[in-house]
Amino acid sequence: MNSELATAVILDIEKIRKDFPLLQTKVYGKPLVYLDNAATTQKPFMVLQALDDYYARYNSNVHRGVHYLSQQATEAYEVARRKVAAYINALHEHEIIFTKGTTNSINLVASSFGRKFLKPGDEVLISAMEHHSNIVPWQMICEEKGAILKVIPINDQGELRMERFDELLTDKVKIVAVTYVSNSLGTVNPVQEIIQKAHAAGIPVLLDCAQAIQHIPVNIQELDADFLAFSGHKIYGPTGIGVLYGKERWLDEMPPYEGGGDMIKNVTFAKTTYNELPFKFEAGTPDIAGSIVLGVAIDYIQKTGLAAIRQTEEDVLNYAYNRLAAIPSLRFIGNARQRSGAISFLVGNIHPFDMGELLDKQSIAVRTGHHCTQPVMDFFKIPGTVRASFAFYNTRPEVDALVKGIEKARQMLD
Amino acid sequence: MTIKEQQDNIIDEFSFFDDWTEKYEYIIQMGKDLPLIDEQYKKDENLIRGCQSKVWLHADYRDGKLYFTADSDAVITKGLVSMMVRVLSGQTPKEIASAEIYFIDAIGLKSHLSLTRSNGLLSMLKQMKMYGMAMSGKM
Amino acid sequence: MNSELATAVILDIEKIRKDFPLLQTKVYGKPLVYLDNAATTQKPFMVLQALDDYYARYNSNVHRGVHYLSQQATEAYEVARRKVAAYINALHEHEIIFTKGTTNSINLVASSFGRKFLKPGDEVLISAMEHHSNIVPWQMICEEKGAILKVIPINDQGELRMERFDELLTDKVKIVAVTYVSNSLGTVNPVQEIIQKAHAAGIPVLLDCAQAIQHIPVNIQELDADFLAFSGHKIYGPTGIGVLYGKERWLDEMPPYEGGGDMIKNVTFAKTTYNELPFKFEAGTPDIAGSIVLGVAIDYIQKTGLAAIRQTEEDVLNYAYNRLAAIPSLRFIGNARQRSGAISFLVGNIHPFDMGELLDKQSIAVRTGHHCTQPVMDFFKIPGTVRASFAFYNTRPEVDALVKGIEKARQMLD
Amino acid sequence: MTIKEQQDNIIDEFSFFDDWTEKYEYIIQMGKDLPLIDEQYKKDENLIRGCQSKVWLHADYRDGKLYFTADSDAVITKGLVSMMVRVLSGQTPKEIASAEIYFIDAIGLKSHLSLTRSNGLLSMLKQMKMYGMAMSGKM
């Protein structure tokens, strides 16, 4: 795992945990050990307070209102957009589109980019470790357009086979869509290299950052990705809100995705003209509260410091990796040199579902199953994995509880 | 024994366990005890695919009654499957179709029959009732 | 306006108002008079509390989790679906799809129904008083499919010209999409008649209920509409959540809209099979908090009683209508016999934007402009209207303040 | 007078008003006073369409300076438009292009230049700066 950030300070986790009301919860009478952060993260108190504040103080529809509340809400909504833009260092605010989540963001690009740029015989290049949300939208548009979906394979460590990428990157490829961090394997992909090579061939790249944005500093201007998608709920924000970043030049060229209020300039039955960015892609009343509060979640991260968050997570992740490695008959699924967030494993012949259930009974929340990456499970010929995924509020004693829980489950099941 | 009696028996058996460990050990034991299905029936058409674990279900109709055999790749599910078979196998299609299954809930494994759809048990129960309905000419 | 509900009791509004934290707000030092309810409604305390409760106690991702929190969240999410189903009396729970809002719901139907059932030369029939969200999605799919958008015209009262509807309802029409209540005119349309006639010709009907669901009891089985769309934020629930109801038979036949997690049964790169209803149309992590809390908003309505809500609103609406009618040189835009929720008007030659601004300065929040119904403005040859829109928490003294505010603005502007 | 001086003058004038009524009455008066634009220039190509009110803007370039005339269909907007013209008209393109407009905010009409985009004033200011940039060869 990484050690470039060795200079950052490790956070005072006990203090941090006090910020998260849900972490104080008990399950079956015992303190909850929440290791399902890749599925969704818990929310700091600031976020809950901002939600309440919005609805109690200035809830109002945005953009078209002359009245005071509407102006306040609009202002806060646009400030949130600016916070997101600053967080990923976007060149323009209007390159930030608020969506429902990663899935919605990727569907927007697949549909809108695809409709404009894909022709029969063209190819879309994804990878074998993609989340279904970065597979199915491309399958759908490829089928519609007669284009072909190509897949960068992975090796036994759960890493991309970059030599195959080089071969697959022909001039038939119209877009590359890959994940920055794998949600089921924990692999951090060499996205810089992918983007550079794709750009050298004049091909745009979409990065699925659902599992990266909360762990790794993402500087979009340095990375130079053309599209970037992530979900609010995985970055300490609310459910129902997400982000699509797109380079102005692509977003300008792409047709709108959905039609409705706010995304138009002028509507007649004869002819409708579309609004400018970002509104062209934000049809209907947006998730005003969700967007504003996602901005507050980003404030929380900025305040805490992403470098410190990362360092803290690396520490607990390394500790977990080493302790898990010592469990007899435990094997890791995904053993990439670069890892972030999640550790997937299986123990002996124990079905992951059985393991998950017995851990749950010990008030340890992990996720089991295919994690919406069925092709990865097919590759490893397994029904699923047990996945422990970490945030900066997870502690070493929680890892100890996990290890003890696995041991107990193993005894019961073996 | 009726479906109700079978369920009440299981609930009785479980009432002796003091904690979840004993309860699960018992279920796991039931799961391990026997291969529940003849290998020839463990084929795709008998497979009920849940989100997490697989269940195979085979039904035989003899003398006005339905007989089930089943299996699962997850051992806890298999234990529950074996209880489900114990409760419903050998009953008339009509009784199966209209059976109210409450023992899973009563022994504290509600999630296996809830909307989380995280395993095949709920789908298996639905399939068993389908057989029941089909055979009692209700469909 | 209606009087069928004369038996229901009028609510104790002062007591009701205590349930809504935002209604206690002051704007420019004076108590806020919030008459922009058609844009978005304020939220009862119960709703704020439920949001907080979700995030503080059982926030977790749904459907795929074996652990306790995930089961709690999933259960609550599905209970919310049941509440919505019960509220509109849907036959099946799985006919309820959670979306981002009305706009998203209509886009889903336009795209998915359109892709399956529209062919070149086919027609889609909407009305001249539709919100842009029920115009633009149909324009987009019609353009894609070579189909034609037809429009039921309105008369000077702002009512549908039903004799023209009869003529337009030819066998070329593949779907009728109309609003139950107009957001800019307040007109209540004869949707029962529209649905019966369309069904007699074998044509399905989508009802835009964005302005109906919070005012008028909607019994979907009686109405027999094929699709129904509404937004959570207009029915005292959170932003970012909406509902699409669709008859099972249509939803089964329609292709999925977006691809991703949860909407699939099985994914391989060769072939993907889709999940059953409602999940087929719910790709990605849903707005879990939003859905649950929309359920709580519906609880609030049920507890208060929709009949009483309606009666209370009729009372204040009638009072407002009569008081406004007495203002010299005020003319109503939209004067339908059946009205609900909103009153649009203009005063003399005063630009609505000027009126809106001077009302705002008197802490009265109304909306001005085209209300996302530009064709209505074109029909009346006006730049926009001033719209006061009511909820059951609005009082007669608030109407008096509005009337006084208009008088003052008129003096200043004339 | 520089752009800054013009703005400071306006802010001064407004400082005499005690309440919003007086302030708005003054703006409305300014809006009513004069037709600001020659009818021949009130055509579609000079139209700046805001979400709520329309603004027409015409620019003349003479002797190294830009002269604006403008109009709006909403009278408050028109009042603001006339002040904007007063501030920017007759200045050099370069000064216009780089001008920082703060008087709208200072006299308490911030929303007219904010992101609500509810009228044409913000678009008009952008357009004026465009003219400035174009003429000073900055584009």
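By letter and in written order, the chains are A, B, C and D; residue numbering begins at 1 in each of them.
Basically, a contact is a pair of C-beta atoms (placed from the backbone, for glycine too) under 8 Å apart; a residue touches a chain by one contact, two chains touch by 3 or more.
Just so it is clear, the model here is predicted, and its values are computed rather than measured.
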Computed over C-alpha atoms, the centroid farthest from that of subunit B is that of chain D
Averaged over CA atoms, how far is the centre of subunit A from the centre of subunit C? Could you give it in whole Å? 31
Report, in whole Å, the distance between the mean C-alpha point of subunit A and the mean C-alpha point of subunit D. 45
Please compute the C-alpha centroid of subunit B, do the same for subunit D, then give the distance between them in whole Å. 77
Note: subunit B residues in touch with at least two other chains are 51-52, 118
Set of subunit C residues in contact with two or more other chains: 28, 64-66, 70, 266, 353, 356-357, 368-369
Determine the shape of the graph in which chains are vertices and touching pairs are edges (line, ring, star, complete, other). other
Go through the chains and record each pair that touches. A-B, A-C, A-D, B-C, C-D
Looking at the complex, which residues from subunit A come into contact with subunit C? 21-22, 25, 27-28, 32, 34, 36, 39-40, 42-43, 47-48, 51-52, 55-61, 64-70, 100-104, 106-107, 110, 131-133, 135-140, 149, 151, 231, 233, 238-241, 256, 258-264, 266-269, 272, 283-290, 353, 356-357, 359-360, 363-369, 371-372, 374-375, 378
Of subunit B, residues touching subunit C in the complex: 49, 51-52, 111, 114-118
Along subunit C, where are the residues that touch subunit B in the complex? 62-66, 70-71, 74-75, 78, 265-266
What residues of subunit B sit close enough to touch subunit A in their complex? 20-21, 24-25, 28, 51-54, 73-77, 118-119
Mind pulling up the subunit C residues that touch subunit D in the complex? 28, 350-354, 356-358, 361, 368-369, 383-384, 412-413
